[in-house]
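Heads up, there are several structures right after this.
Common to both upcoming complexes is chain A, partnered first by chain B, then by chain C.
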Partner chain A sequence: MTTGQTAFTRRDMLRAIGLIAGAGAMYQAMTALGHAAESQFTGAPDLSGAPRGAKVVVLGAGLAGLLAAYELERAGYEVQVLEYQNRPGGRNWTLRGGDTYTELGGATQTVRFAPGNYLNPGPWRISHHHRAILHYCRAFNVRLEPFIQFNNNAFVHSTHAFGGRPQRYRDVAADFHGNVASLLATAVNTGGLDHAVTQDDRERLLEALKGWGTLDDSLTYRKGLHVSGQRSYARPPGAGADGAPLPSDLLPFHDVLDPVVWKSMKFFTSYDMQPTMFQPVGGMDMIGKAFASRLPHQITLNAKVTGIAQDEKGVTVRWADTRSAEMHETKADWCVCTLPLTILSQIDIQVSAAKKAAISAVPYASHAKVGLEFRRRFWEEDEAIYGGISFTDQEIALVSYPNDNFHAAGPAVLLGAFALGRGGYDLAGMTPEERIEAALKQGEKIHPQYRKEFLSGASVAWSRVPWMLGCRARWSEADRAAHYQNLVSMEGRIVLAGDHASYMAGWQEGALLSSLDAIRQLHHRATAV
Partner chain B sequence: MRRLVQALLLACAWGAAGPARAQAPSADGSEIYRQICQACHMKGGTGAIGAGKVPALAHNARLAVAAYPATIVAQGHGGMPWFSDILSPAQIASVVNYVRTHFGNHYQDALDAQTVEAMLGPRKVDDH
Partner chain C sequence: MTTGQTAFTRRDMLRAIGLIAGAGAMYQAMTALGHAAESQFTGAPDLSGAPRGAKVVVLGAGLAGLLAAYELERAGYEVQVLEYQNRPGGRNWTLRGGDTYTELGGATQTVRFAPGNYLNPGPWRISHHHRAILHYCRAFNVRLEPFIQFNNNAFVHSTHAFGGRPQRYRDVAADFHGNVASLLATAVNTGGLDHAVTQDDRERLLEALKGWGTLDDSLTYRKGLHVSGQRSYARPPGAGADGAPLPSDLLPFHDVLDPVVWKSMKFFTSYDMQPTMFQPVGGMDMIGKAFASRLPHQITLNAKVTGIAQDEKGVTVRWADTRSAEMHETKADWCVCTLPLTILSQIDIQVSAAKKAAISAVPYASHAKVGLEFRRRFWEEDEAIYGGISFTDQEIALVSYPNDNFHAAGPAVLLGAFALGRGGYDLAGMTPEERIEAALKQGEKIHPQYRKEFLSGASVAWSRVPWMLGCRARWSEADRAAHYQNLVSMEGRIVLAGDHASYMAGWQEGALLSSLDAIRQLHHRATAV
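Moving on to the complex of A and B:
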């Protein structure tokens, strides 16, 4: 608690370690001191001592490019950002009523959502351990609210189980746990695990299984009020003469083993998906807008990069104005290139064969999202679902409910599809109208109110997004081993950044961590001469 | 089938990693084209141009040797992912045969599943 000038605080020590030994060592030290551990974010970069007049050209105004521009400008570099689109933000993007979007192939959608309603076509949630993006949200006063990832009262739906009827997550999860606990307890009691578990631990295990699985004294998972307390009731507890609760029937074990059940359970407990999660109030693009508003003169929009050259003196970027087709050249001392690899692999860039091979090695996944606007919040009014996600084994993969404005009257937008893999390709290959019909047809199996309450929809299929040609990098184990280090290392005056140059492809945190690493490399090189 | 299940278990960093289960994939080349390839190569195999381009498959002389498109479908190329995890060798043969005989292409030598099997290369697995 001392404020004396000589006090060497933990923060001072971390800073000293960071200066001397680099961010990696600082991170190790932070972990040892009980900080961090969950993120490789070590704070805003220290870029002091930038050479006077040094110029950096940043390619791409997604979050990686925006962060690079913001921090380099702050450090004293002269920065110019070139962006293909007519808006900054990249995949940090929100569609609202009145917005128009034209995909590859020319289909144009005009979003008809009511004021305040929106679809985040790209990233839509922020983990509590994504410390870099949370840092910038705090610094820029981007208001956050909970993203209700996990909702026991949302549905699990399988076309192959429960007669195709959606089930509440809490019921299927409780029945999965209870049945597995009972079977395992039986295995213990019949000596099936004697070879693997000591006598002492067998007793402890039985006690755990009985408690965790809500088993009766015969170690059976059975309908009853105690079990209903872990799932739901036929008649929930109330008051008055008929206040007594009645237990609910259990689901058939065969159906409980449907993959959609355990995959849902696993999803919600995975590291990337564990609550608490956040979303910016009003749409994800609040973050990109906050960065862009701090770069009022640095971003050139409608600029299609066609070539990137370098020599010992500097970098030259050739680009076309997409409106006039006029060609331009931008010269700079350094270049931070955040273009997606789908695009960069098609651009003439003057780097080594090894880096070119890395740029061309990484394909992108195809995801598709559909936002649906309904007249009323029937999921809240009729089904008591407030935010969260219902999973299905259909191509739409999920229905995700709005996490804000609970009980509001009037139209609301839910995410009616987040299709991946085969489903992502299938939806992408449809017209926007066909995608909405597919989302309605599959979604109404979970919510029969769909057709009656539907107002309008909007979709984004990432393989048809003109400036991405995919949604996020897919690193195979072999490609990672062969190419990752070549991709992320600075070469001459050019350094690449973006979520593709991280171990967190598809996450904004990956884009920011990559950008921080890139500008540290750049600054190190710029100040070494 | 085992490959298919494996592919569906892969976590997706962008967050959906949801428990979506693929519908039974079609064996028919035109259906596979519609359900998979058309997402990027567009209806009629026209390709498209944005900040980068998706190559047209229509009237494409590079399809002359069947092994070329088959290898690309199986193993991926540039921004295009590998499909050996969601398409069987028979399905790859089927869709390659379809593309090589449609969209203004007239290559009559058909691939079979056994030939494609030999082109699969080392199996690719998402690294996390």
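Moving on to the complex of A and C:
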């Protein structure tokens, strides 16, 4: 990093390198400048020179479809969006009091949350490196607030450790660090690593382990006030005659090695999950609504696509009005299809066998979420937990606390389950009432206040969501190798988009990056002479 | 933790244990119940039965004085607060555009920040376990927002490592973890720790190290996409034909052992500093203002205390009006003196030699802060840094980014220096203009945009603050042993309070806990027959 060189200059230079020498060269240049790339987002797309009167039909009004429609419309294309649901947004979705939702199987839930409370059944957090979605939030004045995510005072709970008692993250993490540091220091000092570490680095390493791991002079991790300064106190520092702190007991090493401990630690430091993260103030659907408000005449709701055909002259989409069952045909020059693969694989679409194989190849995950409303914020009042996540090895997987309106009186909603894998399928097999009971039963192992304070709940098991049939694409390496390029390349007048057509399945950022790539391909073809 | 047992019951029981068997037994009981104490705060004080007409003079309108005045007034005491400055709040202080500040030596700064921007020269963050200050924030409807503190995308900068180039925290932390895990796994596998770890735990430990440290099957920490998923990518995951991620290069192990790396890691996981933390929306002084607004007639400003006398009948405080130089005397039954020890040690106070020795014993730290206003939030726009702290081994010590109004257009203020120790003294020795130049010169090593985007700055070197002569008490263990109990015990009609009379010097929480203890002592004595 050289001084005096401004970010603008650097950015312009990188863009130039990207244009001239390709993306690979640009990323190399960025790394050489000490700037690993944050994102594949390179700014709003340049779609200048759109042909007059060219029409694009966009299938699906999730974020991928909405972005495509918004940018193509701005560029001069005529746009029509066909959306199956009676609202735009897709998985960019927020459930509030009064909302109803009917899942596959026919169970209908009416949400009873108090005004202002909500559940984001789909995406619920935005990373600082999700530059595309942050770009549009900024452009549309969607207010963001921190999604706390990582809270050292939240719990880690294992049914196989600590006698089943939830532990504060700070305690288990400090004890993990301390034990690891002490063991490694022992190994260094007994010469066991002389082949692996130079003499100079051995001394640096010992200093680092002593500091980072809060070891004593004998390089042991031991109960004491210094260690409590990294974990917690039996009696924390205070004032007056009894103000002196008392150290806390360490946890058994065997239990500290429980997988839920290091999996939690790893989760919070992973590239996708590490702070700073965000949520829109008031609910995730503020983003979809911001897009949709800029497309006041372009979105046709309640439109179930049944067929997508193309020839040299254009695209024809057949669809049914889900209220009247009346059939329609929409003709356009181009088509951006953002339907999830679970749905698209059941629709007659005129593309190559290779693309059809790609569309059918990828299975979808079946996550399930349960939102629980409680009379009061007992996690804040009783346990000093403000936002963030407690992890458990039970099927609910976690309890995530609201990141807004701290200290507010009255009811609040927390995420009482985010079940993945087997847990997701198990919750999907239950009625909505049974899901809430499961979330209460497992959650009260962490928060005994649950039963007394509970008001109502709402759940979404994604395999039962009629317009998704799953939560997100689950790409295997083999499927990537066989099908990804076939899926994302434009074929004739049709291009697919959505988080499934990205390396960020399940993230809104993936949907937006895919959509940007798709409309660039479309525009390139539409403007080729 | 047993199910069905509510928090209310637990809390009530603990309070009962505390009342009957004392604080020590209560803390033991809390630990036994799986709940380490969060704080020595046990709720608003019970001061019932205040004698009619009893008057208390409170010296100093910082948070300790304000709390004492507020609670004593509520309990029925007659209260008068004497404050040296022309505003209440003390170090609970926020500088905004238009504010002026004159330091010792005579230099006057007029702050030129844009409306809404501010610098908190004193306390700037509140921990989730600061239950006393959070109690009053809640009671007074002081709105809180997260103080991000820990941001994996902020920088770690050392003049002795990485060629002087700032590195993202996530990269250095991942490489530190990965190398430590791999070395320890090697030591375990070569039998070097067989004496220290049981066979069963060795297997658990290896599994944990592999997972936590993102090691490959040979238990090596190696460049690759898995590792990039914990640190960063050369090209992050995206969409379209070039959507595949590319792994990033690891940092040299020698550099990863630089002290600024593990010191940063340790800082963010320390009990005092770990998330969740808070700041009041709009500036820290919202708390002092909330207290002061509840004491509309009790506070006398511009009152310089010159003597504090007591006898069997009462207390007499001599003070000068700093505007007129007129001398006054205030008589009261009791006195809560919250003046900092730097000031109090220069005032004639009628207490024992032991207490006088305590008052004179404790040195104060000399921290210095510099706030810098820039044209735009380049750290957000160019570097995806939203809130949090970048650490450097230069004297400025850190750069801390605003935690509010993300994505806002227009100027924003960051904390460009929080110099401690030697650095604090060096900055105090400079003129305000020189401090800003130092902050710019050091800060641009991290952010080359500094010079181009800079608008104005403001600084506070605490050793030059006329009403403090330092930032906070620095208690040594020897001073604690010799003087602490003498300092905090009520003597006759005078009791001292303030963060200096606590084990949390420099924290507002310490001031409040001390004040609560002081007024309980006072009330106990005032109601003793």
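Note that the second predicted complex is superposed on the first by the 493 of 529 C-alpha atoms of A that agree within 3 Å, B and C clash if a C-alpha of one lies under 4 Å from a C-alpha of the other, contacts with A are read in each partner's own complex, and residues count from 1 in each chain.
Following the convention adopted for this analysis, contacts are C-beta pairs under 8 Å (C-beta built on N, C-alpha and C of every residue); 3 or more make two chains touch, one makes a residue touch a chain.
Quick caveat: nothing in here was measured; it's all calculated off a predicted structure.
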(request) Based on the superposed arrangement, let me know which partner A:I494 touches: chain B (first), chain C (second), both, or neither? (result) neither
(request) Figure out whether A:Y386 sits in contact with chain B (first) or chain C (second), or with both, or with neither. (result) second
(request) Could you tell me if A:D272 is touching chain B, chain C, both of them or neither one (first, second, both, neither)? (result) both
(message) If you tally the residues of chain A touched by each partner, is the higher count for chain B or for chain C?
(response) C
(request) Pick one for A:T342: touches chain B only (first), chain C only (second), both, or neither. (result) first
(request) Scan A:V260 for contacts with chain B and chain C and give back first, second, both or neither. (result) first
(message) Is A:A397 touching anything from chain B or chain C once the two structures are fitted on A? First, second, both or neither.
(response) first
(message) Under the stated touch criterion, which partner chain does A:L469 make contact with: chain B (first), chain C (second), both, or neither?
(response) first
(message) Just to be sure I read the superposition right, which of the two partners does A:G243 touch: chain B = first, chain C = second, or both, or neither?
(response) second
(request) Classify the contacts of A:P363 with the two partner chains as first (chain B alone), second (chain C alone), both, or neither. (result) first
(request) Mind sorting out which residues of chain A both chain B and chain C touch, each in its own complex? (result) 259, 263, 270, 272, 480, 503-504, 510
(request) Would you pull the chain B residues touching chain A in the complex into a rising list? (result) 7-8, 11-23, 25, 34-40, 42-43, 46, 48-54, 76-82, 86, 122, 124-128
(request) Please name which positions on chain A make contact with chain B in the complex. (result) 84, 104-105, 123-125, 158, 160, 259-260, 263-264, 267, 270, 272-273, 304, 339, 341-343, 345-347, 360, 362-367, 389, 391-398, 418-429, 461, 463-472, 474-480, 503-507, 510
